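Chain naming follows the written order as A, B, C and D, and within any one chain the residues start at number 1.
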Amino acid sequence: MAKLIYDFRSDNVSGIIPEVLQSIIQENQRSTDTSYGDDEVTQKLQGQLADFFNHEVLVFPVISGTAANALALANLTPPYGAIYCHEQAHIHMDECGAPEFLTGGAKLVLLPGNNGKFGAEILNNSLKNAGKGVKHHVQPAAVSVTQATEAGTVYTPAEITAIAKLTQEHGLSLHMDGSRFANALAYLQCSPADMTWKAGVDVLSLGTTKAGVMGAEAIVFFKKDLAKGFEYRLKRSGHIISKMRFLSCQLQTYWQKGVWDKYAGHANQMAKLLAVGLQKNPSVKRMYHVEANEVFVWMPKALLDHLQAQGAKFYDWQKDDKGAVIRLVTSFATTKKMVEGFLGLINS
Amino acid sequence: MAKLIYDFRSDNVSGIIPEVLQSIIQENQRSTDTSYGDDEVTQKLQGQLADFFNHEVLVFPVISGTAANALALANLTPPYGAIYCHEQAHIHMDECGAPEFLTGGAKLVLLPGNNGKFGAEILNNSLKNAGKGVKHHVQPAAVSVTQATEAGTVYTPAEITAIAKLTQEHGLSLHMDGSRFANALAYLQCSPADMTWKAGVDVLSLGTTKAGVMGAEAIVFFKKDLAKGFEYRLKRSGHIISKMRFLSCQLQTYWQKGVWDKYAGHANQMAKLLAVGLQKNPSVKRMYHVEANEVFVWMPKALLDHLQAQGAKFYDWQKDDKGAVIRLVTSFATTKKMVEGFLGLINS
Amino acid sequence: MAKLIYDFRSDNVSGIIPEVLQSIIQENQRSTDTSYGDDEVTQKLQGQLADFFNHEVLVFPVISGTAANALALANLTPPYGAIYCHEQAHIHMDECGAPEFLTGGAKLVLLPGNNGKFGAEILNNSLKNAGKGVKHHVQPAAVSVTQATEAGTVYTPAEITAIAKLTQEHGLSLHMDGSRFANALAYLQCSPADMTWKAGVDVLSLGTTKAGVMGAEAIVFFKKDLAKGFEYRLKRSGHIISKMRFLSCQLQTYWQKGVWDKYAGHANQMAKLLAVGLQKNPSVKRMYHVEANEVFVWMPKALLDHLQAQGAKFYDWQKDDKGAVIRLVTSFATTKKMVEGFLGLINS
Amino acid sequence: MAKLIYDFRSDNVSGIIPEVLQSIIQENQRSTDTSYGDDEVTQKLQGQLADFFNHEVLVFPVISGTAANALALANLTPPYGAIYCHEQAHIHMDECGAPEFLTGGAKLVLLPGNNGKFGAEILNNSLKNAGKGVKHHVQPAAVSVTQATEAGTVYTPAEITAIAKLTQEHGLSLHMDGSRFANALAYLQCSPADMTWKAGVDVLSLGTTKAGVMGAEAIVFFKKDLAKGFEYRLKRSGHIISKMRFLSCQLQTYWQKGVWDKYAGHANQMAKLLAVGLQKNPSVKRMYHVEANEVFVWMPKALLDHLQAQGAKFYDWQKDDKGAVIRLVTSFATTKKMVEGFLGLINS
């Protein structure tokens, strides 16, 4: 019997969900189709996502979340713009300066806030001191929220709406980094519309790779005029893929009722199970609410060593003398057995 | 019976060769693996391509040829550099300024030349007038050759060597856009080494998507020091793919003996067949030598209309009053029946 | 007695005309004034140039012609744009890629044409093949004409109007590199309006340094909406000068009736004198019409050697086995004595 | 009698010191000279500054401090680099993203610290968490200190040395923004060498405009290899000035013994006088040590209104309900009478 793998490093260490792999196989049965995104599948995807969001959309499939985020932002800001985001945001911490590069040199302005979220008030204060209209300062252009956040928490529609009220007042665009969009949606149990355009989101990075496809993200514009010239940006950064239909079919398959909700719901449930089990060990301290598919806990060094000796895999977030905060991420492929096995190691 | 499709628009209108699709399915059987290219498959790919080229290499899989070309060039030139290429080169004509953008503003210097190729002499003349060391002028940094060329012809190793002699004299790097590398290799019947590092190529865009995979190209550095900081460039342009192993397995499968040669050889043969058949019609004029998998011919308007009315697909390259130059591209999926059917339309 | 200097290398080897130097001295008598261009002198300059052009203008003083050209173009093109210019244009040949850099990677498309000028027809042909709306190609955004040209010739208002007709049809902006604007104006004897906005020019680089100031150029927008965000572009490229009033007073002084026309007229006259004198030597061949303040001639090697031995200074433009094309530039400081002395060397 | 002007907005609201104006007039007596910095004056400036710093230097005159800082940094960092600076640094707050732009997208990492200075310890902590060698993160490349700081304080050579120890350990370059270099030097009474290369500074922005010239800064490289390709960067950002000798003569004149020390010493003394006088009013609170030529104080609203009603000019730094922190800057042109008059308004 194969040894159970306790791999909680990220949701992208997992492979492909069967429905999606099947759709690739099936797409390959079809004959030739136009390359570079002018194919039938990509065209149909537009309609499907319009239905999904119950709103007119412009959809552009890309291969990575970094591309989705930074290119979306590049269309929302002039090169002398400022983009407001949480100080822990992926676009600031983990994309090697992609937003700065792909925007032509815009600046990220960092906002503090508990549980990986910044509130409208903190944004408002920062905007007040931005020096709007003064040539010595970068000019406020966009705000980016991450859903679910880097802390595994989820903005409520009301929280997003409060932020959007400010972006509208100041003439800014609101971007959502939906790297774990499905997990947030499964947690909130609201409609995709509620969490996006109805709350004031203008452009969404619709994360799908971590959710369980081979490699496909989508940039979704809820306002057509914000997409002006976007295809040229994609092309010149190498993000118009020639056999695009094989990306589009992944997106099409994943974002069906009965697929995304099943898998994202499962991942969230596994995170919950982990969180509950970890609480039983008094030496383990939970850091944030567990809302989506990530659990952050502090553990003493001895326990960390024990887990790693048993082959468990996860990333350290912050080390101190006595232990470390670690991140545990669940995915569509995480099984109850894995969680229980891992908890068994903890509590043994 | 399904109607035969005469689709000669490009090799990227075709799907995935069975061996490669199978490798994706198989990779998905494996358990979790590290994301962002630090996985086993990507590591093994390095060794496999080192064997293939019989030389130490550094390999970086990416999703598009534009990314491969422009990012490779970005590591070969300072932002104030000049990149020499044929005036018909893909990097100049068809990448929406990606080299200019991803290099931070370098300039392409265009060289004329018959059959889609420039010779060493023309390069030499251009370099003599480049204003090396003069601050008002962009500085020669790299040369890019396309193999097979945009005209469907192929540089001989001797021709490449003559160009490389100049790049070495002037301290420049030599890049090969190998978008149709397999076709060129199948035509030349030389070793991969002969056509690359032995002839003086420093960095190669190893095209594989058009050859028959779902979506995977590789940037191959033959000199390690030219790859300095390359991963950061990839990341900040959105080209570090999280489930990289699924790209790497495509490359691994395609570049095996018995795979690449079989499929590329077939595509070339189909092009030959097309060319021979087209010659029988005296109103059709061949433009270039047919060496790889592309055929360029001029046809009178009436014939073009007839073909299109029958559902044949191809791109116009240049129109005039009486007809047009069209491009016909064959792929792994082009069958003898398709070619014969298409020729039947022509000569009917 | 001081030896006469025969320095025809460029108009920027000369110093400062007395009126302009005086204006700097006078400006320094004034008290403090707001920095970074919000001073009284810069404000007044706006009005003065509006009168000069008989049109509403937005004026931004900068320190160099390269900054003026490349930053103006940066506001006229998206980063994925194409800028059409003559193949000998300064922006292509002599600015080390500044337009590519400051636009964020736009591409210059080069047009041929005699006497340093391209005509409307050649532009039209190029635009027809530009691939407008196709994502693989950079998108036509701006056209740049040089007045006077790099060949010392001058576009007539009718020639500019014909080009502008095309830019309007295609929705492009028309930029004029007026590095030697005063010389062109003095030659044409038309109004500043006739040569610019009335002929369809949208943005002008109003060259003034070569004309005789210490260091000051101005970017002049004839359409306000094209200047959107321009101050931020200036600032982030280091071109908002803190004691701007000392640049503005140079511009103010130079562009007065009785100043610019006197000095530019003189420089043109000296070029004419040179041209006429050179014609007397049958071994010297004139290359272009002498319209502004530049003379291009071919001379045999022996004559070149003789001139240089006598201390005459000028730049080679193109060498061949038997001689070279050289450029002779006159300025406000060129005297009749210098020209006659130089001609004496030639014809001795 | 002219009314006294109480203008403490910045040192760049003042004009030109007489020695410098005289040098421009004198330079204009000379004949023609080579343009674009290849003139005699610029060549001599190299030697003079080498003597001044007692070290081999490469010197590049530019027109603005923003250009000096951002272009210097652009040569010290790859586009995927991180530049560490104080959170109040001019390069972050007041240059509209110039460093991000001119570096091709590098990121500024902000460090806290009292009195406008960050210490070695805080830098060390930040570097430890930088993720060196990890492709998802921008890579530490340079550190920038401001001398005198934005708070009007001055780093001691020992403090700079402690920072430089870290930059050397980590293979980073150390940049000094010397916008008010002369004021810092006059305060420390050390040698220019002690404050720069002896303390580990690699590249200096030698601010001179605020000190009293018309418009001239210099980028001073203490290590030749760090200046590789720098002239091309200057050119393509529009910062090679054609009549460069008129900038160089300003620098040459200012950085003579008996000039810089006289004027900077005077400005510092005026700031001291201001500070001492302000202390007499118990409602005024000093914010930082007054070391160079800037005084930051908090004042109640009534006093601010009174001062402004009397025509006094200064900038608010931070407002609260009851008053504001204001900045008062003295210059070479500030007289004892102005200071005493202004203090008279305060204490009347």
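Rule of thumb we're sticking to: contacts are C-beta pairs under 8 Å (C-beta built on N, C-alpha and C of every residue); 3 or more make two chains touch, one makes a residue touch a chain.
A quick note: this is a predicted structure, and the numbers were derived from the prediction, not measured.
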{"item": "Furthest chain, CA centroid comparison against chain A", "value": "C"}
{"item": "Of B-C and C-D, whichever chain pair has more C-beta contact pairs", "value": "C-D"}
{"item": "Separation of mean Cα positions, chain D and chain B [Å, integer]", "value": "51"}
{"item": "Intercentroid distance (Cα basis), chain C paired with chain B, Å", "value": "42"}
{"item": "Separation of chain C from chain D, taking each centre as the mean of its C-alpha atoms, in whole Å", "value": "34"}
{"item": "Two or more partner chains touched - positions in chain C", "value": "36, 79-80, 95-97, 100-102, 104-105, 135-136, 138, 232, 235-236, 240"}
{"item": "Residues on chain C engaged by chain B in the complex (per definition of touch)", "value": "79-80, 93-97, 100-102, 104-108, 135-138"}
{"item": "Of all residues in chain B, those that touch chain A in their complex", "value": "5, 7, 9-10, 12-16, 21, 24-25, 27-28, 30-36, 62-68, 70-71, 95-98, 100-102, 209-210, 214-215, 232, 235-243, 246-247, 313, 333"}
{"item": "In the complex, chain A residues that touch chain C", "value": "36, 78-80, 104-105, 135-136, 138-139, 229, 231-236, 240"}
